Structure formats: C-alpha cells, structure tokens
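Please find one structure pasted underneath; my questions will follow.
Labels run A, B, C, D and E following the written order; every chain starts at residue 1.
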Amino acid sequence: MLKNSLILILILGFAAIMLSLFLSYTPSEDLKGVSKHYAEYGKEEVGAANLVSAVVVTYRGFDTLGEVTILFLTASVIGFFLKVNHSKDDENTAVKKYSEILGTSAKILIPLMVLLGVYVFINGHLTPGGGFQGGAIIASAFVLMFIALPQRKISHKVLSAVESFSGLSYVLIGVLGIILAAGFLDNQILSLGTFGSVLSAGAIPLIYILIGLKVGTELTGIISNLKELQNEQ
Amino acid sequence: MVNPIYIVAVLLGVAFTSGFFSKKGKNIAGYLSMLALGFVSFVSLQWLHGFLSEQQAAAQIFTTAFKPPFSINLLMGKEEAVFTSLINIMGLIGGLYLFRKLKETGSNAFIALLLLIMGLNVIVMTRDLFNLFVFMEISSIAIAGLIILSQNVKSISSGFKYMLAGGLISGMLLLGTVFLYYFTGTLNIDGMLQQNLNLVKGSSVAVFLVITAIVLELKPFPANGWGVDVYEGADAGISALISSAYATASVYVFMKLIPVASEQFQFLIAAIGIITFVASNLMGLRQSNPNRLLGYSSISQIGLLMAIIGLSSVIGESTNFIVISILVSHYFAKAGLFWISGIIKTNSIRDWSVLRHSKILLVSFGIFIFALVGLPPFPSFFGKWELIMNLSGSHNFIWVTAILVGSFLEAAYMFRWLGYAIKLELPSEIKPVIKLNKIIPVILFAASVITAGYFTGMNHEYGKLINYIPLAFALAFVLIEFLPVFIKNTLAIAGLALYFYLNYQSYTDISRIFAAIFLLGGILTLLAGYAYKGKRLGFFPFALMMFAGLIGLIEAKSTLEFFYAWELMTIGSYFLIIRGKKSITHALSYMLFSIGGAYLIMAGLGIASIGKADLTLSILHQVTEYAPLVFILLAVGFMTKTASIGLHIWLPGAHAEAEADVSPMVSAILLKAGVFGLLILLMAMGEQFIGKVSIPYLLSWVGALTALMGNMMAAFQEDAKKLLAYSSIGALGYAVFGLSLMSHLGWLTAISFSITHFMLKALLFLAIGGVVWRLKTKDMYKMGGLIKRMPFSFFSVLIGIIVLAGVPPLTGFSGKWLFYQAVMEKQWFLQGAVLFFSGIIAFLYCFRLIHAIFLGQLKDEHRNVKEAPFWILVPQYILLAVLLGFSFLPGSMLKPIGNMLLPFLPDGAIHWNGQLATTVYGYWNGKTVMIIIVGIFSVVFGWLWFMNRKARKIKQFNIVYAAERPFRPETTHFAYNFFAPYKKAIGFLVAPGITNFWNRIDEGAHAVSDKFTKLYNGNGQTYLIHIVAFIVVIYLISFGGF
Amino acid sequence: MIYIIIAIVLGIVMIVMSIIAIHHKNITLAILSAGGVSLVASILYLLLAAPDVALTEASIGSGLTTIIFFYVLNKIKKHKHVEE
Amino acid sequence: MEKIGIEQISLAFGFIILMLGLWGILSRKNIIKIVLSFTLFDTGLNIIIVAIGYLKNKTAPILDSAELQTDTASKIVDPLPQALVLTSIVIGLGVTSLLLVYALKLYKEKKSLFINDYKDLKW
Amino acid sequence: MDPILVKILYALLTLFIVLNYGLLIQGIVPKIGARVGRRHGIPFYQAYLDIIKNYSKRTRVTHGIMFYIGPVFRLTGGIGLLMFMPVIFGSNMFQNFSFTGDLLLVLYFQFFGVLGMALGAAESGHPHSAIGVSRGLSQTTAFEFPLTLGVLSLAVQYQTLNISDIVAAQQGGFMHWSIMTNPLAAAAMLIAFLGAMGRAPFDVVLAPQEIPIGPPTEYQSGLLGVLQLNRAIFPIAKLILFMNLLFGGATSWPELFLKTFLIYMWSVFVGVVFPRFRVDHSVRWFLGVPLLIGILAIIVTKFF
C-alpha cells in the first residue's frame, strides 16, 4: 500500500508536468509552419486529395518506410521468438470443430473483407484510409478465417514471399525516386495524373498497395504464428 | 561518393529479401546480410575518408522532391561519417562474431541485425525529430529481438524490462516531439534550433521531455536498472552491439539535440552524466559477473560522454575531439571485452584466468582494459587529457574532481579484473572453445584501437610532438617474443645503449643525470636478465615500455608529452610488477596509486594551464592562479611514485614480490622518476605557500616521517625483499626532504642521494634477488650462514649496507654529511633529528639483513647451495666499483652536480678544494678519511693476523653452549623477530594505521556500492518507477513546480 | 456545443473503461474495456476531424490489438489448464 | 467557458488516459495488465496528438470537394499530427504485440504472470 | 720531516696515552667499587694482564672470515673515533686528524666499529651473540636520538659543526661551558651518555654477571685481545667527545684525565644507584624524557 501511495505521488508529480503542458496549450486559429505549406501546395506538389496520405506517403514517406519496417521487424522477431514447429499442425487442427454457421458466414465475409481492405488502400490517397488500415482489415479477414475455419491454413512461404516482394518493391520505388525523380521515395516517378482520380498522386496508390499487402501479410503472419503456437501441444 | 541513402536502401532491401529464403536459404540470407553490412561500412568509410582528407563538404540528403522542413532530410557531415562508420563496422564485425548464432536462429535474426544497423544509421543522420523517434523505435525493437537470440529466463526477462522501459521512454519522446511541433510548427531539428525554445514555459517543457527521453536512452543513474540487466541477460555478442553500436548512435542523437536545451538544462544533464559516471563505476566495484560489470562500465562511460556534451559550452571547440576519442576507445574496448566474455563464457571474473589458454586473447584483453581506462597510447588518453585540460583551464574543478574520481573507480575494478586474468589460478573445469569467427573480431578491434590511438595522437596539437620511437621499439619486442632471452636481452641493452649514446648530449645537465640513472641503470639491471633461460615471455616489451616512459619524462617539452611518458612508465612497470609470484594484489594497489597520482598530476597540469596559450612544460614557471593548489596536486602526484608516507602501501609488496632483476628496476630506477618530477616541479614553481605556511616546509615533514616510518617498518620485516622495499620508502623520504629544503645544499643532497640510492638499492636488490633465486624463499629466518656458500653476494651486501647506513668512509656518508650541512643552513632541526633517528634505525635493518641471511648458522638444506648466477653478480660488481670510486673521490661526483644546480640555486654554499669540502658549518675530506681508515684498518688487521695467524677454522656447531651441543641450525640461528624488544617498545608506531586507513576507504567504497546496487532489485516495474521518478525529479529541479 | 457534450461523455466513458481495464480482476473484461477505450477514442477522432486516424484506431488499436491480446491470453489459459 | 473547445476537452482527456495508463503500468503486478496499461498510455498519447492538430471549426484534411481545394489552408485541420498518429498507432501495435509475446514466453518459463517473480538479474 | 709523518707520530703518541689511560681506568674503577663495598677487588693492572693472557693463548679458533675481521673493524672504529677528534685544545700536537672531518664524521664513525663487531659476532653462529647484537643495536638507536638532538642544539648554539670551534667557544671559565650555557642539551646528552657507555643500568647488552652473552660471546685469544684494546680506547674516545662538547675541552693532559674521569664516574654512580633495565624498557625510557629534553633544547636554542 505504501508503495502504491508512493506511485500515486509520483503520478501527481508527473501530472504536474502534463498540467504545465496543458496550460501552455492555446487553441490556434490557423495553420502554421509546415502544415500551411502542405495545405497550400499539397494539391499541386503531390496530387493527393487526402492530405494525410500525402503527408504520410510523400512528405514524410521516410517515416512510413520506417513504420513498415517496424511491423516487419516485429513480425520477424515474433517469428523467431515463437519458433513454431510447422510440421505438427495437421494432427492438432483436425481435432477442432467450429460451428457450421460461423464457418459458412465466414466464407462469405472473408472475401468481402479482403475486398474492403483492398478498396481502402487503393483509395488511400482520396478518402480516409490507406495501406495500414487496409492491411489491418485484410489481416482481420484472416483472423476471422483462423477462428471460423481452423482447418484452412495459409502457407507461410506465400505470406513471406508476398511480404518480401512488397517490401522490396517499396524500397525499389524509393530508389527509383533517386534515379528518376528528385529524391528517395519521390512519388513523381509516375505522373501526378488528374487530381481526385484513382490513378493520380503519382506513386502514392502504388506505394499504398504495397504497404497494404505488406501490412496485411505481416499482421496475418503475427497472428498465425500466435495461432499455431496455440495449436501446439 | 555513394549516396548515404543507399545505406538505408540496401539494408532494408536485403532485410526484406530475406523473406524469400526459407530454412534452407538461411545461409544465403546470412552471406547476403554480411555483404550488405560490408557495403554500408564501405559507404560510410568512404565518406569518412572524404572528410578526413578534407575533400568533402557535408552533404544534405533529401527524401522526396521537397526541401526540409517539408520533408525529411538526412545529413552526412564529418561527425555523421564517423558515427555511421563506427556503427556499420560494428554491424559487420559484430555480425561476423554472431554469425553462427544468427544462423541457428534463421534469416529472421539477420533481419533484426540489419534493421538495427539501418535504424542506427538513420538516427545518426536524420535531421527530423519524428523520424528520429520512428527509427529509434526500430532500433530498440531490433535490440529487443536480438536480446532473445538465446532464449532463457534471464534474456527474456531482461528483454521484457528493456521493452517496458523503452515503451515509456519513447512515449515521453513522442509527447515532447508533438508539443515541440505545436510550438514551432516544424519537426525539423535545424528549424527548431533556429528558434529560441526556452522563452515559453510550454516549449521548454517540451524540450525537457525530448531531452530527458534521450538522456534516459543513455541510461542515467539511477533510472538505468533495465540497461544493466540487459547487458547481463543478453548474449555477449548482442551486449557488444548494444554497448558499442547502439550507445554510439544514442550519444550522437544526444549531441545533435542538446543545443535545443537551455544552458542551465545542459549543465543539469552534465551533472546527471557525471553522477551516472561516478555511481556506475562505484557499483562496478562489487560486480563479479563479467557482463554485468561491463554493463556498469558501459553506462558509466556513456554518462561521462553525457557530461562532456552537456558541458560543451564550457569546453568549447574541442568537445567533438574529446567525445569522439573517448567514444572510440569505449566502442572498441567494450565490444572487444563483451566478445571475449562471450568466448570464454564464465559467470565470474575470477575465472577469467582461462584467458591464458589463448595468449592472443589475453593480450587483447589487456589492450581493451587499458584503452578503457584511458592510458596511452589509446584514444581515450588524449580525450581525457584534453577534457581535464579544458575543464580545469576554465576553473571547473568540481567537474574535474568528479571525473577523476569516477575514472579512478573504473580503473580499480578494471585492473582488479586484469590481475585476475593474469595471475589467478587456472580453473581446471573451464576450457574455452575458440572459434575463428569469434576471435578474429577481437583481434581486429584490438588492433584498431591501437591504430585509432595513434591517429588520435596525430590529430592532437601536442600529441603530434610525442616521440613514439621508444614505444615502438618496445612494442617491436612483441613481434620477436619467440626468440630466446639471450638475443632479446642483447637487443634491449643495445637499444638502450644506442639511445643513450645518441641523445645524452641533447639533454640538459640535470636531465642528463637522470637519463644516466634511467638508461645506464636500465642497462645494468638488464645485464642480470642474462641469468634467465627460455623466452621470458612478456618481460621485454614492458621493461622497455617502462624505459620508454622514463626517456619520455626526460625529453618532455610539453605537459602532454610529460604526462604521456608518465603513464607509459606506469603501464610498463605495472606489467613488470605483476610478473611476480604473489603480486596480484600488490600490482593492483600499485596501479591504483599510480593512476590516482597520475590524475592528480593531470589536474595539476590542467590548473596550471589556466590562461596559457601553449602547453609547454614551461607553463609551470608562470602559474599565476591557484599556484599552491597546482603545486600540491603535482607534488602529491609525484609522491605516489616516491611512495611518501600515506601513499606508500603499494610499494613493499610490489617491490618484494617482483623478480630478481625487476626489483632493482622498479626500486632503484623507477622511484627516481618521482624524484625527477618533484625536482622539475620545484625548479619551475619554487616555494609556494598555503596562507603563511610554506609547502616545502610541509613537504620536509612528509619526507622526514616517510623516512622514519619506512626504516622502522624495514626493521621489523621477516621478508628480505620487503625489508629492502621499506628501506626504499625510507630512502626516498630523505630525497623528498632534501628537495624540500629548497637550497643548493639540500638539492645537492637529494640528487647525490638519489644517485647513491640508485646504486646501492640496485646492488642490494640484485644480491638478495640472487639469494632468493637460489634459495626459493624470501624469509630471512629460513636462511643463514650463507657467507660460506655465497661469498660474492655477501660482499655486495656488506658494502651495500655500509653505504646505506651512511657509515664513513663509504659514499653513503657523503649524503649524510651534506644533509646535515643543509639542515644547519636551513635550521630545520626537528625534521633533521627525525631523519637522523631514522638513519640509526636503518642501521638496525642493515645489520639484520646481512646477519640473518649470510651470518649465523647455515641450514642443512642449504649446504649445497650455489653462488648466485654469474649474470646477477656482474652488474653488482660494476656497481660496487662505482660506489667505491665515489667513496674515494666524493668531490668528483658532487662538484659537477653542484655546478649544475648553480643556475637554479646560485648560492653555492659549499666550496671544494680537491676532495675537501667546506661549508660555513663544517668540513670533510672524503679522500683522507678513506686513507686514514684504510690505514688504521690495515695496521690493526696486520697486528691481529700477526698475533693470531695460526687460528684454526672450526666447525659450525663448535660453539660455547652451556653444557650442551646444538645440532640443529634452526635452534641456533637467532633471526626471527630479531628486534623483538625494540618492537615491544615502540612497535605501536608502526601499527598498520595507514594500511587500515586505505582498507577502510576500500571497504567504504564497497559498502556504498552495495547500497547503490540494491536499487536495482531486478523488478522491471521498479525500474519503470525509477524512470518516472527521474523525469519528475529532473522536472522539479529544472522548473521548480508548475 | 453538442460536440462538446459528446466529447465529455466520450471522455468519461473512456475514463471509466480505462479504470475497468486497469483495475478489474477479470482479465478478459479488462482487455475488452481497453479495446473499448480505443473504439471510443476513434469516435473522438471523428469529432476531431481525423477520419484517417479514426479508421486506423478502430481497425488496429481496438481491433487487432485486442485480438492479439486474446490469443496470448488464451495461450496462457491453456497452459494453466494443462497444469491443473 | 465558451472559449473552451472540443480540442481542450480532448486534450485533457488524453492526458487523463495517459496518466491512468501510467498508473496501471507502475502499479499493476500482472504482466498482461501492464501491457494493457501500455496500450491505454498510447491511446492517451494519440488523443493528445490529434487534439493538438485540431483547429476550431475546420474540416478533415481531405480535399474531396471542390470548395476545399481553394484557400485550403484556412479550411482544414492540421494533417501532420494525424500522419504522426497513424505512425504512432502502428508502432504501438508492433510494440504491444512484441510485449505480449514476451509475456507469453515469460509465462512459459516460470508459469507466472506476476512481475515480481522475474528478478533473476539484479544488483 | 714530512708533516704527514709527524702527524702520524703525534697521533700514535695520543693513542698510546689514551690506551694506557683506558686500561688503567678499567682496573681502577672496579677497584674503587670493591673498596666502597669493602672487598679486596682486582689489581689496578688487571686489564693489562687480561690482554697479555689473551694474546698468548695457544688455542686459537675462528669461525670464518667475518668473525676474524669483526674485531679489526671494532678496533679501527675505536681508534678512528679518537683520531678524528682534537684531544687537547690549543695544542698542535694533539689535534690528530681532526682536519679531515667535523663532528658529523665523528658521530657517524662510531657505528663503524659497532657494525663490524656485530658482523663478526654474528658469524660465530652463537645465538647469544646475536641476541646481544639485537639488544645492543636496539638500545643504541634509542639513546642516539636524544644525543643527536643535544649535539644539534650545540651546533645551533655555536653555529658550527667543527669540534675545535665548539671547544674554543667554551674557553674562559666554567661558566662558558656548554653544560652551563646550554643545560638542556647537556642534560639530554649526559643521559644518552649513560647508554653510550653501556654500563648499568643499560648493560643488559653484555650482561656481564650471567652466563656469557652479548656480541663477544665466542671471542677468545688474540681476537678477544683486540676487542679488549678497543674496550680501553673507545670509551675514552667517547669521554673526550663529551668533554669537548660539554665541559670546555682540555688544554692539557691532566685536565683531560680529570674531566674524563669525572664524567666516567657519573656513569658509574648512576650504575650503582639504578637496577638494570630490560632493553624494551630502556628504549622506551630513552625515547621518553630525554627525547623531550632534547627537543626542548633545540627549540630553546633556535628561538631564544
């Protein structure tokens, strides 16, 4: 109990820091700094209707590359951390039976979810959403599959091949930026196209597709690793 | 130049590609990874080369088509090139070291390594705060992944703690970053630097959060328990990566961001850094697990760097030089040490003696330890020097003190460890398996740190001037270690002789005397080395290194050269001393006292440099500020070498346990380095005062008490070499007193005394060494009657003790006579009386030495003992000849010395008329005294021989012995506790008070260390509490509330 | 004004759910509440004119994270079960 | 009172959630709960970031209507913090899943989720 | 005549006088003691007899070279001490070789014989010799301390280390003697003198009343004869030193005999009154009050 009160005092101290931050915050009326530039020139420079996507993929594309890397890294680490023994899977999974209804509805739902995911990342530069969200939706679809149709398996080889392919392509696009356009990860290796259409904003849709694929496969990988661990024993 | 963005692209690309390789392909993944790491190393090294050859300007690398601050940009400047090179090389070599381990785990492990290096590269180069955050996350996740390469409860729990701490810290960083964005409208670091962020409370809190988060990444005390646990829990190869690569990058991030903070905040962080430095080193004292110990050491080094960077506004433009040189040493050394630890896999530093199975590993281990502690010729030596010079040059004495205390603690446990490795018994059960891929990195880094040291020296203003030839000569002996002693010894003697011949004319007068003591003395003692058979591994490089240091002292023109030589001498002699049989603790205490003394000297030179443009030794002539302080620091520093009272406890063991020819080297020659130091100090600075008390006056009491204590201790020793060692302490007390007189006569006494002491101590140590060589024991009561078996050694000792006791007519008396004239002139009678008293006590141990060993009853087991080896006798008889010569013609030695002193102390109070010396108080003619005594002696001897020529020699036990006949020599050899009544009377004076004092300090340090380490209770949550508490406390300190 | 009230309500809901997540003994419920906090937060993001973030928070923060939690929890429970 | 807008309210709640998370991190003994608290901490952080980017009465930075495409700067909220939050959420997922896997592994080692049980390394 | 040769001859003359004086005193003092104790006592020429007896012994043994040389050292030390001192003030004949060195030479040369004796005795391999040496050396170190302080005090007082100059400064009546002008130094030195003479109560080194003990235990025949010669010369040399330093020296031989005899009697007197000290006691004793007196002497002469 003493310890908890000590912690409480600490948190109060911490709250003091937070409070000073909070008190120094005054709502601003206008955009300033770099955002102003994004708002004013984003349309011309990047050509994406969704300015968040423009920032994510282009202006701060390097961050996004890192972000993808983090997921990839996490998946890899979890992969070797859990070190699933793939050969055992067959016998174990066969035992389990899940409800028929769930299975059937999943069979319908899964393609729809995948489709939704694909939609989200293809339209990432126009509407809310993008590679990450799309990828997450696709992964959710697979989660559903794991739950509802436990006998279905996805090949890890395929997963990692897709993952590697999309990752590599992402890097290559980045490098193409140096060669063909102004710099690493420049989206103008493809033409900016008509503002607001699907095939616009240069390489953003392409990158988002790759990110979507990559994030989707990575998250699926993590979950399937966990799931297979589940089936162990 | 290859665009640095390819570093990122290639590493990422290869990492992503690894997914294509299934289990079978993991070899390919491995080789590909190595290739990629090789490539990025090449890229960064290429840039580094460009910058070093000054053909290259710093380059901005933009991502996307937009200029910063609208998009993220990277910068490749000189510092970035250095840091990325270090990181990438560590990635490559560390990857090589871990290759098998990684391969076992699969391609995913290579991915983690590649991404770690990639992340670190970016955090070094990026100029965008949020980007920094992202890539720091990458690196720390990669580390978290690598920690669990070997999966056991230790590594997993440490990894978990790491993740928890990392999560909290990165949360702070993100919070700070976002608020900085809110206040500045940009995420670009350069953009932030252009604004003054410390005007508004909010933005300064944001800065506080960002900087505190970065500081927490650097593991400040006490919020660093997680860090230490990781170092211990992870595989050694990973710890190496963390300690070298990750810490390197973190330091650079800190360097990059610190200008954002206000000056006060920078100082606060510097204070945290220094506290971390001292506290971690203190805690290192009680560690026995090698990895944990290295962990504490890593944290402390980073703490030091934190402090240096925090103080950059004080240190000025050499900050980068200091940071990089210290960091580079740390980088190579820590990686190397972790690697070695991974090779031998023991849980206790006491088991590190297994290193002796592999000479190359042992040598590397030594190199790393020295590099870490900051001894020459390693980069950190120059870094630390520059640091201390700058800090003390700007009156920051508290910082200097803290840094030196911390460094000293670090040296303490590092050298204890080295001692274990060199001397402890080999544990039989452990035999390390040495794989090629693990040993090559170690050797590579050991070689690199030496090279780096050379380049650092070359890049230092005064480092350039250092004469590296003697050191190179010494090191060359490493290469010919396979040759037999005979050849190496000849080469060494030839080298010293040639050097002396070529250079002695270039020395000034007094330097020439000391050069003669150092070099000719060196040659004489080396002559004894011919007695050794075999290869005598590890002797010559260090002996010559010591002589290289001694030469350097004489030749030094600048303060750095002097200090460099001083340290070099210390290293060489340390290894000579540790060669002795039971010298493990003595060598350690020698090293610690030496390092402590060296730090005082460094601080003294630093304070002396206040306000001086150039740092030649002549600055000591013009010390304007804190002159008494400078004087005291330097004097105490030098007196650790002369083993003055209070600082002497290292000497007896160190000198006594050393080998037959090493004892004279360290006792007769090395101690004179301290005298030389004191001499040039006094010459330069003259008399200084604390208040109204003259410091030389205090010094005179130190000298007198040293002499008393040394001689008294000597009288009560049972160990012959210890007796001589204590006698050296006493003798050096005389020298210190002589110097403290600050008069012509006093200095004449001191210098002539040094010369005489050099000769007689070399003589005695060699003679006793020869006896010990044959008898295999140093206990005097186990000897006896050896005059019959070793008459030549006996004669050496006889003359030696007569000289030592200062009995006329031999040259020892000239010292005493001069001494009294000087005392009379200066009127320091009480000290004089104490010294006289110690002189009489010298008589006690002199007699004891010769009696217990050579006289009395010969022991049964020594009936067939042979005379000491020929080559040990040769230098003795050369010395004897010189001693007798000086006895006969004292004026011939003293007069030239007196003339040399005239420029410094012109009142030559002594007049020479042939061999007759006259002062105001008295007179003395060494030659006639000699003639008269020899005359009387011959007449008396003639008379006795005439009367008693038919005396019959009788057997050993044929003595008058109250009605019984003794038949055991042991019972009739009265030698043990010889001066029992004396000890009973005044033995309390030599109660080991000083030893107890130092022991208590040692215990105290360990106790405090124990208390501190209890903070780290192993609970990850407690560590988190520490972190939050750290943040809150720092906030309260810097903002004082809301 | 209505937005402000909605925001306050959402906030209070979040706080309550957070406290449940932290203090409730039933871990399953705790995980669900934490997911709930994310879900509510994503509504708040919509109010704050951040649909992108809302979508992400909903799919990743409340969706996938919760799923992963459950997977791990399941796994641990199984272990417990095996032991008993 | 009228000055107080949704952004301040959100900001305040963000801070509160963050601190609740911190409380959980520091006081819970169950490892799963600690990780859970971390996600709360992250959520709080994310709310703060988004709230900071909010501008009163402006719309989302998605230029899907022609009206928004002129004089954009005065009509939309700040897109940059939103981009940052996206990254932060994804990173949070990565870290959380890794922490969970760690928790799982720890559990396998000692069959305990009590954090005080993992003190093998200390002093 | 060659001045050196003359000097040597004069020196030999001094030696001859001192030797006989020493031998006689060795006989006379015990005789006085015996008479005081109403015993018959030894004849006053006993010392001569002892020496002749020793030299004419037929059994002559030696334990080795150092054993043989030890007595030589001893006697050289005794003679040398005498030779380096001016004996009669103002007389050119009896200045000996004092021109070669000052008081310091004399003080340090005392040890020459001591050392040689100790070495020789030690080679005999007899534990009692070694014990004697141990005791002797311990005691010597102890009394030398106050002695030196006293001597230094005198040197300060007269600002010279030259013995002749010190004697010269004391001329002109007993009020000029150091014992009057510098009583503290004199006190310290006279106490130390007791130790230096090796008589009771500081005679445990030789322990003459018990079984043979002390350095000369193993000595016999000519070797012992040499030691006995020294035993005659050495104490007188010391007496002369004290006389020179404290009692204004002597301008003629009779004055010398008188003064030295009285000084000698001082030690005899003390020896009769006090019981024998053990070595540890005597060491502690010498380093107590006498030492303080010595320090006081220095302080007083330096500052007043």
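Heads up, the rule we're going with is that a residue touches a chain if its C-beta (ideal position, glycine included) is under 8 Å from a C-beta of that chain, and two chains touch if they have at least 3 such contacts.
These figures come from a predicted structure and were not determined experimentally.
Student: Hop across touching chains from chain A and tell me the fewest hops that reach chain E.
Tutor: Tracing touching chains, the least step count from chain A to chain E comes to 2.
Student: Could you run down the chains that neighbour chain C and chain E together?
Tutor: Looking at chain E and chain C together, no chain touches each of them.
Student: If you average the CA coordinates per chain, which chain's centre is most distant from that of chain D?
Tutor: Chain centre farthest from chain D's centre: E.
Student: Average the CA atoms of each chain to get its centre, and name the chain whose centre is farthest from that of chain B.
Tutor: C
Student: More C-beta pairs touching across which pair, B-E or C-D?
Tutor: B-E
Student: Please identify the chain lying most centrally, where each chain is represented by the average of its Cα atoms.
Tutor: Central by C-alpha mean position: chain B.
Student: Based only on mean CA positions, could you tell me how far chain A sits from chain D in angstrom?
Tutor: Their C-alpha centroids are separated by 16 Å.
Student: Approximately how many whole Å separate the CA-defined centres of chain B and chain C?
Tutor: 58
Student: Just give me the whole-number Å value for how far the CA centre of chain B lies from that of chain D.
Tutor: Computed value for the inter-centroid distance: 51 Å.
Student: State, to the nearest whole Å, the distance from the C-alpha centre of chain A to the C-alpha centre of chain B.
Tutor: 55
Student: So which bits of chain B are touching at least two other chains?
Tutor: 130, 134, 137, 141, 144-145, 148, 151, 175, 179, 181-182, 187, 1025, 1028
Student: Do you know which chain A residues sit against two or more other chains?
Tutor: 7, 10-11, 14, 19, 21, 25, 34-36, 38, 50, 52, 59-60, 63, 66-67, 70, 73-74, 77, 81, 128, 130, 132, 219, 222, 226, 229
Student: Going by the contact rule already set, what residues in chain C reach two or more other chains?
Tutor: Answer for chain C, listing residues that touch two or more other chains: 50-52, 56, 60, 64, 68, 72, 75.
Student: What are all the chain pairs that meet the touch criterion?
Tutor: A-B, A-C, A-D, B-D, B-E, C-D
Student: What part of chain A is in contact with chain B in the complex they form?
Tutor: Touching chain B: residues 6-7, 10-11, 13-14, 16-17, 19-21, 23-25, 32-38, 45, 58-63, 65-67, 69-70, 72-74, 76-77, 79-81, 157, 160-161, 163-164, 167-168, 170-172, 174-175, 177-178, 181-188 of chain A.
Student: Touching chain B in the complex: which residues of chain E?
Tutor: Residue list for chain E touching chain B: 55, 60-66, 68-69, 71-73, 75-76, 79-80, 83-84, 97, 99-105, 108-109, 111-112, 115, 118-119, 122-127, 130-131, 133-135, 137-138, 140-142, 144-145, 148-149, 152-153, 155-156, 159-162, 211-212, 217-218, 221-223, 225-226, 278-281, 283-284, 287, 294-295, 298-299, 302.
Student: Write out the stretch or stretches of chain A touching chain D in their complex.
Tutor: That would be residues 4, 7-8, 10-11, 14-15, 18-19, 21-22, 25, 27-31, 34-36, 38-40, 42-43, 49-52, 54-56, 59-60, 63-64, 66-67, 70-71, 73-74, 77-78, 81-82, 126-128, 130, 132, 195-196, 215, 219, 222, 226, 229 of chain A.
Student: Which positions of chain D touch chain B when the two form their complex?
Tutor: 18, 22, 25-26, 29, 31, 34, 38, 41-42, 45, 48-49, 52, 80-81, 84, 87-88, 91, 94-95, 98-99, 102-103, 105-106, 109-110, 115-116, 118-123
Student: For the complex, which residues does chain B have touching chain E?
Tutor: 785, 787-788, 798, 801-802, 805-808, 813, 816-817, 820-821, 823-824, 827, 829-830, 832-833, 836-837, 840-841, 843-844, 846-847, 850-851, 855-857, 920-925, 928-929, 932-933, 936-937, 940-941, 943-944, 947-948, 950-954, 956-962, 969, 971-975, 978-982, 984-986
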